[in-house]
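So that you can tell them apart, the chains are marked A, B, C, D and E in the order they are listed, and the count of residues begins at 1 in each.
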Amino acid sequence: MMKEMKEEMQEGMKEEMQEGMKKEMQEGMKEEMQEGMKEEMQEGMKEEMQEGMKEEMIRGDTKGDTSGENCNKKKVLAIDAEKCIGCRACSSACPEGLIGLSEEGGRRNLKFPESCSLDCERCALTCPEEAITFVSEEGRSPAFSGSRTLALGLMACRKCSASFATERELERVRQAVSLKVPLRPGGDFWMELCPACRQESFREKEAGAILRERKIKGNL
Amino acid sequence: MKPKAYERSIDPATRAMLLKAEKEGIETAWDRYEKQLPQCSFGQLGVCCRNCNMGPCRIDPFGEGADKGVCGATADIIVARNLLRMIAAGAAAHSDHARDAVLTFKKMSGGEAGSYGIKDEAKLFSLAAEYGISAEDRSKEEITAELASALLAEFGKQEGPIQYTRRAPETRLRLWAELGIEPRGIDREIVECMHRTHMGVDNDATHILLHGLRTSLSDGWGGSMIATEVQDVLFGTPEPRKATVNLGVLSEDKVNVIIHGHEPILSEMIVEAAEDPTLLKLAKEKGAKGINVAGICCTGNETLMRHGTPIAGTFLQQELAVITGAVEAMVVDVQCVMPALGSLTGCYHTKFISTSPKADFPGTNRIEFHEEKAYETAKEIVRTAVENFPNRSPEKVSIPDEKQECMVGFSAEAILKALGGTPTPLIDAIAGGSVKGIGAVVGCNNVKVQHNYGHVNLVKELIKNNVLVVTTGCNAIACAEAGLLVPEAASMAGEGLKGVCEALGIPPVLHMGSCVDISRILVLASAIAKALGVDISDLPAAGAAPEWMSEKAVSIGAYVVSSGVYTVLGTVPPVLGSAAVADLLTRGLDGVVGASFAVEPDPFKAASLMLARIEEKRKALGLKA
Amino acid sequence: MKTTEKRTLHPTICPYCSLGCGFFLELEEGKAVGIRYMPEHPVNEGSLCPKGNAAPDILNHPDRLKYPLLKTENGWKQLEWEEALSLAAEKLGTARKENGPNSLAFLGSAKCSNEENYLFQKIARLLGTSNVDNCARLCHASTLIGLGKTLGAGAMTNPLADLSNSDCVFVIGSNFAENHPAVARQVLRAKDKGAFVIVADPRLTPTSWLADLTLRLKPGTDVALLNGMMHVIVNEGLLDRNFVREKTEGFPGLEQALQRCCPETASRITGIPPSEIIKAARAYARAGAASIVYSMGITQHISGTDNVTACADLALLCGQVGRKGAGVLPLRGQNNVQGACDMGALAEFFPGYGKVGDAEAAGRLKTLWKTDKLPEKPGLTATEIAEAAGKGKLKALYVMGEDLVNSHADSSRVREALESLDFLVVQDIFMTDTAEYADLVLPAAAWAEKEGSFTSTERRVQWTDRALSPPGEAKPDIEILLLLAEKLGLGLPYRTAGDVLAEISGAVPSYGGMTKERLKKGFGLIWPCPDSSHPGTPVLHVGRFKTPDGKARLIPVEYQSPAEIPDPDYPFLLTTGRVVLHYNAGSMSRRSKALLEKEPGLFVEIHPSDAKAMEIGEGNRLVLETRRGKTEATARLTGKIGPGVLFMPFHFPGTNVLTGDALDREAKIPEFKVSACRIRRE
Amino acid sequence: MPEAVYADLSRCIGCRACELACERENKSSRISVKVLSGLAAAPVSCRQCEIPLCTAPCPKGALSCENGKLEYEAENCTGCGLCTLACPFGTAVLRAGIIERCNLCPGMETPACVATCPAGALIYTEPGSLGENIRQRRAKRMNRALEPPAPAGRRAE
Amino acid sequence: MKEVMVRPERCMGCRSCEIACAVEHSESKSLFAAVGESPSPRKRIYIEYIPEHAASVPVTCRHCEDAPCTTVCPTGALSREEISRKVVHSPELCIGCWTCSMVCNYGVIGRQKEARVAVKCDLCPGREVPACVEACPTNALVYAEVKDFSGIKRAEAALKLARGMKPGSAL
C-alpha cells in the first residue's frame, strides 16, 4: 500500500512540476506587472516611514526605544502569497517569534500575524523574495484581512521520504542554479534528495570503485 | 586521387622522374620526409637544447611541463642559441668556400696552380685599389700576390673592419658601429658564435642575436663577397648570356657529367676538361656523340653565369638527375649534396665522384681534387665518366623532354652596364613608378613546400605588380624552369615593368648568380642607395626565401635584414618556441636595423607583404604610389 | 614553548596508546584549549588518531579527583594530604608487621612515567615484597617471555618508520588501523612502494582493508597457521640457510616438529584454505625484507607465549630480523607499558630485566639502593594478586592508575577480591570502578600535569615537561610516592624526576646514557643507549642477538586448543578487542564527550546468519552469558566476523565480566580472546 | 589557485580523527566519515567547487565566490537555507541560522583534518595536481608488469 | 570500441604525444599558432617518468566501462556517449568540484586554469586516429580494439620469444 501511495505522490509531483514550468512563464509576465506595483508600494512605504519617524521625533517620547509594547503604532503585514516560497527565514528572523511555523501532512504552514507592533521589520528584510511588506492601518485593502496562513506543498526526499523543502523553494533553486549550469536529466538527480541523502549517495558513489576492488580481491 | 608525384612538385620534369622512381621502387627525399612525420614539436619550435651533457633539455611550450633547462636556460635563451649556431654554420660554409677561392687565387699568383689564370684584369685592379695597393710601376704578378695576402688576411684578422663592409652606405656603417655589430674578422665572429653558445656563456637572447647579425655581416659583406669577387677575377665577371635548364638538358647520346656542389674551382676545370680533344675522341670511340656537362645547385649556377653551361636542376632534383639513368658521373664538391646519392647511384651505372678534401660520402669513387693539378684531375674525372658511358643500360634511361631557355649572367656590373653605367635609369624607373621596387627572391628547395611552388608563384606575383626581381641560387633555377628568365616573360609583368624590360631587352627576373652571389645584390642595392643618398633600408626593396632549408639561408636572411632589407621566409624557422625572440625578429629588428623578418608560407600572401613594405618605403621616399 | 598571541604551545606525548605520538598542547591562562600538530615528529609526522585529538578533554574535566578521599560509612570524606599519607603508611606498616611483607601488593600503572614506576617498585621491594606488577601482564607479558627466550630481548626489534622499508608486512593478531592508527601511515607508505600485505585476523577489520591477502582464521589457532607456514618454507627450501646456520640454534628440533603440521592440517584447524597458507608463506619468505606486526590477538591467549615464539621462529627461519625493513614488531598497549616493564615493575623482574632471585642482579641493585635485603622470590603477578586477595592471603593493596575491575578478566571475582582486602589504596585521576572499592583514594596528576619520561612501543624514551598544574589538590604521582616513602621511613634521596632518571640510568643498563637534557633534545632516544655518547639503537639484533652466545633460539611449539571451546550450552565463541574511538577500560576515553557521542554504548557483533537464526534484529538488546557472568549489549549485525563468533569491545564495564581467567602457563596472561558464550534476546 | 581537501579512499581507515579535529577547531564537524558495507570508509566534506552552485540562489550574497574561492559572511546571511538545497553534495548544513561548511581552517597552515589524518588519506592540494601521484603509482604498476618477477630469495640489503 | 592502447616498453619519453594532444585541442589546431594562444591549450595524455625503473610510461584515459568519474559527477558533465561508448566531458556543465579527478585511479583528469573546468581525453572526435597515436614516433600508442591489440601483443611476444628475448623487453 505504501508503494502505490508513493507513486501517486510522485505522479502528482511530476504534474505539479510541469504546471510549475507553465506557471513560471505566466509568473514571468506577472512579475513585470508586480515590479511596477512594488515600486509604488516601496515609494509609499518610504514616505510613510519618514512621516512616522517625524511624528515620533516630534513626540520625542519613544525615541530610541524600540521595544514593541508601548509603541502603539500598529502596522499591517502584507504577504504576497504568490512570491512566498516558504523558506521560513522570516519566522526564524522575527525576534518575538510572531510568525508561526508548522509542518504536517506534506504541507509547511506559515502563520503570519495580522499586524505587528515592532518596527524592526526584520522579517521583511530577510525574505529572499521580498514577499513581506508593511502597509499602514488605513492603507489596508480588503484583500489583506486577518492573519494569513500560507500552506506550501513540501517535497519528500526520494530516498528517505523526509520532507526537506517546499516545491517553490526547489523551483527557485533550480531556476537560480540553471543560470550557472544547465541541469540536464542526468545531472539533477540530487535535486530530489534531501541534503543528508545527497551526502550518502555521493559517499556511495565516491567509494564505488574501492568497494568493487576490495570485493574482487577475494575473501574479504 | 591525384598521384603523389603531382602534389610533390609543380615542375613536369620532376613529376615524370618521381613517377619513374615510384615505379622503380626508388626512395627519394620526399619519401624519407614522410617517414619522418610527425616531426618533433620541440625541434620545430627550437626549444630543444643539446649544448651540454646535462641535457638534452626541452621546454614545454604550453607551460605545463619544464619551463627551464637543467642550467636554468629559458625558451628565449635556447631558441636564440640554436639560431646563433645556425647562422654560424651558414656563415662558416660561405666563408670557407671563399677561403678556398682565395687560396686558389694565392697559389695561382704564386705560380703553383697553373690551371688557373686571371680572366678579369679590370676587376683585379679595382679590387687592389680598394685594398689600397698602388698600381703604378708594379707588375701584375706583384699586385696579384699582394691582393691575395690582403684577401687571406681578412679571414684571420682580429680587429675590423672587413674591407668590403666599407661598400655599404655611410648611414648603414654608422648604424652597425652604434649597434656594435660591425664584424671584426670572418673566422673570429664564427668562433665567437660557437663560444657564446657553449653552456653557460651568453644567456641573453637579444645579446646573442646581435652577435648573430654581426656574424652574418661578416658572411654577407665578408666571406660571400670575397668569394664572388675572387671568382670573378679568376673566371671572369658574368655577362648576360643564354642557356638552358631542367632535366631535359641531359642528352641521350652524349656522356652526361653532372657538376654538383658550390665551388667553381672544380666545375670550371670540369667544363674545360669536357672540351679536351683527346677526351672527345675517346667519347666517340665509346659510342658517345660528345661530352655534355650539366650543373646542379650553385656550382652549376657559377658555370651557367660564366659559360652558359646548362643546369640540370635545383637542390631537390639532384636525385632525379641520377634517376634519369643517363648520368655517367655525378661529380660533387661541398654543400647541399645528399648522402642518399651514395646508395642511389648504386642502383644505376652512375659514378658518384667526391672530390673535396673537406667532404666525403659513403658509396663514392673518391678522386681527390687539388688546385695544383686541377686540370689533370678534371681530365681524369671526365675520362672516368667517358669510360663509364658503355655501362649505361638503355632500358633504364628515360630523360624528360622539358628543357627551358633562360637569359642569365646579370652580375651587378652587367646590370649597371645595361643601364648605361649608372643606376640612374633604374632609379628614374622606380621614381617614375613603372618599377615599384626591387624584389630579391633567393633560397633553396624544401620538401616541406611543393617543389618550386613557392618560388614561381611569389616571383610571378611580384612581377605582376611591377617589382623588378633579382634572383640567385635554386630560386633562379626554379624561375628559369618556369620560363621567367626570358625577355618574353615580360608579358607576365605589370605594364610598367614590361615597358622597362622591353626597352632594355632584359627579362623581368634577373639571374644574378649562386648563393654567394647575393653579395652582388648587396653591391647593387648599396650603389642605388648611395646614388639616392639614402640608406639601404629606405629603398623600396624586399627580400624573400620561399623554400629555404639550409643554415646558409639563415645567415643570408640575417645579413640581408641587417643590411636593411625586409625579408619574408616561406618555411617556419625554429624560433616560435620563444615569443620574445619571434617578436624581436619579426618586429623588434625594425627599430634596430630598419628591417625585419616575416614568415608566410603562402607565396601570394608573401608577395602582398613585400608589396606593402615596398609601398611603405615609396611613400617614405615621397614617390607616388 | 612557542607562543601565539596569548596562547602558549607545549610539546607533549599522547597519553593513550603506546606509539608515543607527539603534538603541541595549546594553553590559555593555564587551561588546555586546543592542539597544534607536530609534523616533524618521527613517529606520527604530525598526524593524530581520534583519541589523540580528544586527549586534552580529560585535562580540565569536572570528574577529576581533586582531594584525597577516605571511605566512611556515610560516603567519602575529604582529607588533607598529610593525614591521608600517614594513614596509608600506618595501614601498610601494620599489615606488613602482622602478616609479613608478602601480605602487601602493589599494582603499578603503564600510564605513569618511568620514574614513577621505578619508585613504585623500589618502595615495594624496600618494604620486602616483590608483589609488584603492572597491566603489561594483561597485554604483552607473553611477548616479554616469548621474544626473551628466542631473540634475547622482549621488545620491538625495529622502529615503526622502518615498516615503510618492508617488501612484505605480515600482520597477525593486530588491528592497528583501529588501535594504533599511525602505524597505518607507514604500512601504506610500504604499500605505495609495492609491499605485499598479509593480515591474519578472524575479523574483517579496517586493517584487513589494506591487505593484499587476508587469512580469516578461527580465533586461537594462530600457532597452527604459523607452523603451517613454516612447514611450507622449510620444505620448499625458502628459508635463509646461512642465517639459520650462523645466527640460530635449535633448527633440527624445529624442522622435525614442523613435519607434523603440513598446510592441510593447519587448514583444518584454522579454517583457511591450504593454498592461501602456502601463498602467505612464500610471500613472506621471498620478500627482500619482511616484518611481522602482532598485538593482543597473539598475546592474549593461554597459548600466548607459544604464539609469540612461533612468530619469532618464522622470522628467524627466513632471516627477517636485524635488518632494515625486517623485524618482529609487537604493538604494545599503554603509553608507557614498555617503560614500566623496563623499570622492573614486574613480579619476576628487577629493573633492566635482571631476574628476581638471581644473586648477581640482586647484588648490583643492593649496592645501588644501599640496602642489604631484597626479596629473593618472584612476587605475585597482577592476575595472581586478584586471586590471592580473594583467598584472604593479601591484606593491603596499593593500586596506582589502574582500573582492574574493568581491565582484568572475570571482573565479578575481582570485585569480591577487592572487598575482602583490609586496606585498598587507589591513586588515580578519576573515580574509576576500582576506586569505588578503595578505602583511600589519592588524586593524581594527569600526563600533561607532570614531568617524566615515557617509553613508547618502539623503545623510544621521550621526555614530557609539565604543561599545566593539576586540578584542586591533585599531585604528580612522583610527589605522592616520595611523601609516602618518607612516611614509611624509607629515606629516598631525590626530589625531581630528573634525579630519579639519573638513578635509573645506573640501574637499567639500556638506559645508561639517557639524561633529561639528552631526551629533551630532538625526539628522545631509542634504547639500548648504554652511555652518554651513544645515539641509541633503532634496529635491534644487528649482527648478534642479546643471548649469552649471541645466537637466537628456534623453539618448536605445539598447537593447543583454547581453554574454553564452544559447547552445546555455550555455543558461541566470544572474542574481545578494541575500537578506534575508545581506549582500554575507557575510564579516560569514555569521559571525552566527542568520543562517547560517536561510540556511546557496549555492543556485540553478531553474524547476520546467527542473528536470523535467533530472530535478532539490528540494535536489539541482548543478554550475553558465560560461565563467569552476564552482561547486556546492543546487537550489531555484520559480516565482519564469521558465523558462530561474537565480538565485544572491552571499553565498557561488563565485557570482562564474561572473560575467563585461564592463564598462559608461562606469562600468566588471561585468555581474553576466547570464551565460550551464549546469547538470548532481553 | 584555490586548494581543497581531497580523499584517497584506498588509504582511509575510517578512524574519524578528521571529524574529531574539525569539531575541535570549528565547534561542529564539517567532514563526515562513514564505513560502507564494512569494506571501505569514505569521508565527505565541501568540495570547494570553483563554479559553485550554492552561491546561485543566495539572495543576500552572503555566500559568494571570487576567482574560484568560496567566501561566506555570516553577518548578512538570513538563514533561508536555499544554498543547502543547491549544493549537489549536501555538505552545506544550516544550523541555528548559520551555514556550516568546510572553510579549510583559515587559521591553520593546512586544514586540521588533513594534518591529523594518520593514514595520509586526506590531501590538501590544488585541484589540477591531484592526478600527479596517482599517475605515478599507476605508471609504476604498469611498468612493473614488464619487469620479470624478482628471483626467489632476492635480498634487498 | 577503439581505445588508445599503450606499449610502455616502446615509450622513449619524447612527449610528442603530449604536444600533439594539446595542439589538437587548441583553437587553431596548428602548433605554431597554438603556442601563443590563451587560454593555453591543455594536454590530456601524460608521460610519467619512473626514476626507479628509468622508464617512461604514457598514461591516458581508459574510458572505463563503468567509469567512477561519470558516476560521481553531480551535474552529468562527465558522461558516457551511448553510441561511441566514449567518456566525454561537456565543459558548460562542469562546476569544478574535482571529485572526478579524486576518484579517477588513473589521475588523467586535467584542469583548464582559466576556465576552471576539467579537461580529459575525448579520443579526438574530429580525427580518424587520435592525435597522440599519430604523433608517437615509436608506435608506443596504438589505436585499436582491445582484442586486436592483444593480437598485436601476442604476435610481438611470439616474435621476441622466437628471438630468445623476454616478451616484455623492448625490441
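Worth a mention:
Note that in this section a contact is a pair of C-beta atoms (placed from the backbone, for glycine too) under 8 Å apart; a residue touches a chain by one contact, two chains touch by 3 or more.
In this text, all values refer to a predicted model and were calculated from it rather than measured experimentally.
The chains touching chain B as well as chain E do not exist; no chain touches both. The minimum number of touch steps linking chain A to chain D comes to 1. Note on connectivity: the fewest chain-to-chain touch steps from chain A to chain B number 2. Averaging Cα atoms per chain gives one point for each, and the point farthest from that of chain B is the centre of C. Between A-E and C-D, more contacting C-beta pairs join the chains of C-D.
Centre-to-centre separation of chain B and chain D, using mean CA positions: 66 Å. Centres computed as Cα averages put chain B at a distance of 89 Å from chain C. Centre-to-centre, using mean CA coordinates, chain C is 35 Å away from chain D.
Centre-to-centre spacing of chain D and chain E amounts to 27 Å, using the average Cα coordinate of each chain. Shown for chain C are the residues that touch two or more other chains, namely 204, 209. With touch defined as above, residues shared between interfaces to two or more other chains in chain E number as follows: 74-75, 94-95, 99, 102-103, 105. Taken together, the chain D residues at the contact with chain E in this complex read 1, 4, 6-9, 47-53, 68, 88-89, 127-128, 130-136, 138-140, 142-148.
Looking at the complex, you find that chain E touches chain D at residues 6, 8-9, 46, 48, 50, 52-53, 55, 57, 59, 74-75, 94-99, 101-111, 113, 116-117, 166, 168-169. Interface residues of chain A facing chain D in the complex, by the touch rule stated above, are 87-89, 92-93, 125-129, 164-165, 169-170, 172-173, 176-177, 179-181, 190-191, 193-200, 202-204, 206-207, 209-211, 213-215, 220. By the touch criterion given at the top, residues 38, 40-42, 44-45, 58, 60-65, 572, 576-577, 579 of chain B touch chain E in their complex.
Partner chain C is touched in their complex by these residues of chain D: 11, 13-17, 19-21, 23-25, 35, 38-41, 112, 115-120, 137, 140, 144, 150, 152-157.
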